[in-house]
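My questions all concern the structure below.
By letter and in written order, the chains are A, B and C; residue numbering begins at 1 in each of them.
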Amino acid sequence: MHSIVYTTTSSKEEARKIARELVEGKLAACINIHEIDSVYSWEGNIEEEQEFALSVKTATSKIQQAIDRIKEMHSYELPAIITWKISGDKEYLKWISEMTD
Amino acid sequence: MHSIVYTTTSSKEEARKIARELVEGKLAACINIHEIDSVYSWEGNIEEEQEFALSVKTATSKIQQAIDRIKEMHSYELPAIITWKISGDKEYLKWISEMTD
Amino acid sequence: MHSIVYTTTSSKEEARKIARELVEGKLAACINIHEIDSVYSWEGNIEEEQEFALSVKTATSKIQQAIDRIKEMHSYELPAIITWKISGDKEYLKWISEMTD
């Protein structure tokens, strides 16, 4: 079983740092980073910020470790971390399994 | 239970307007906007357009209201609106629940 | 039933070519392309590349054909191809079904 872990950071540098750490620690096979604008409510005000989103492809068995590692490294008090299960091309899913084993 | 609602708009202004309205109306906790190129079939031709994608993080119980509000505000006759269920970091999911309650 | 097929390419040209082919072949209703930075492990090294991501909206019954067509056209030895099931606005899902029938 495989999953996406999706999180956001305040800079591209932080996104790349987290991405490299997850791949080096075999908590992710591949990570895609893209620039976003975020709109959210914080302490009663609507805030808008430029951020960077990470889409982390990993084994479902590694999700909790990946979440814990992201929270340890992250500069935010409460980072946005969501996950969902994926399927896909069998050869590619096998590669994700190998890279995170 | 929590979900992503994903939709697209023709301008960044429209994306931001919908995002702010959903957050103000407690139909979303946080929205990420990014620029896309869309390729699709319309009346027999392949069309390509620049658009903006919104990834709306919300409670699953608010999905239908969020979809209805997006359709009311949207400039398109048939806006692309898709959803999928998410899991994630417990603290962050709790924050989504609180922001949409 | 409907799904996203998500894949990445090394250029925008390749992304657009695959997107047009899938839509023309009724293997997708609509495709959103955006620029990404990818971080992954390849033969023991951490690699970083600029790529383009395709989010392909289609009928779940067309996923395998879409995956096969992407693999035939793709310049990579092992393209990243993942999928997940979606729900959404009934009118829009009906349009996806019609465009891929």
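The rule is simple: a contact is a pair of C-beta atoms (placed from the backbone, for glycine too) under 8 Å apart; a residue touches a chain by one contact, two chains touch by 3 or more.
In UniProt terms, the chains line up like this: A, B, C = Divalent-cation tolerance protein CutA.
Since the structure is predicted, the reported quantities are computational estimates derived from the model, not experimental observations.
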Message: Can you tell me, using the touch rule above, whether these chains form a line, ring, star, complete graph or other shape?
response: complete
Message: More than half overlap in residue numbers between the two sides of the subunit A-subunit C interface, or less? Answer same or different.
response: different
Query: When the centre of a chain is set as the mean of its C-alpha atoms, what distance in Å lies between subunit A and subunit C?
result: 20
Task: Mark out which residues of subunit B touch at least two other chains, giving numbers and ranges.
output: 34, 84
Message: List the residues on subunit C that touch subunit B in their complex, please.
response: 2, 4, 12, 16, 19-20, 23-24, 29-34, 57, 84-89, 91-93, 95, 99
Task: Would you pull the subunit A residues touching subunit B in the complex into a rising list?
output: 8, 34-41, 46, 48, 51, 53, 67, 71, 78-84
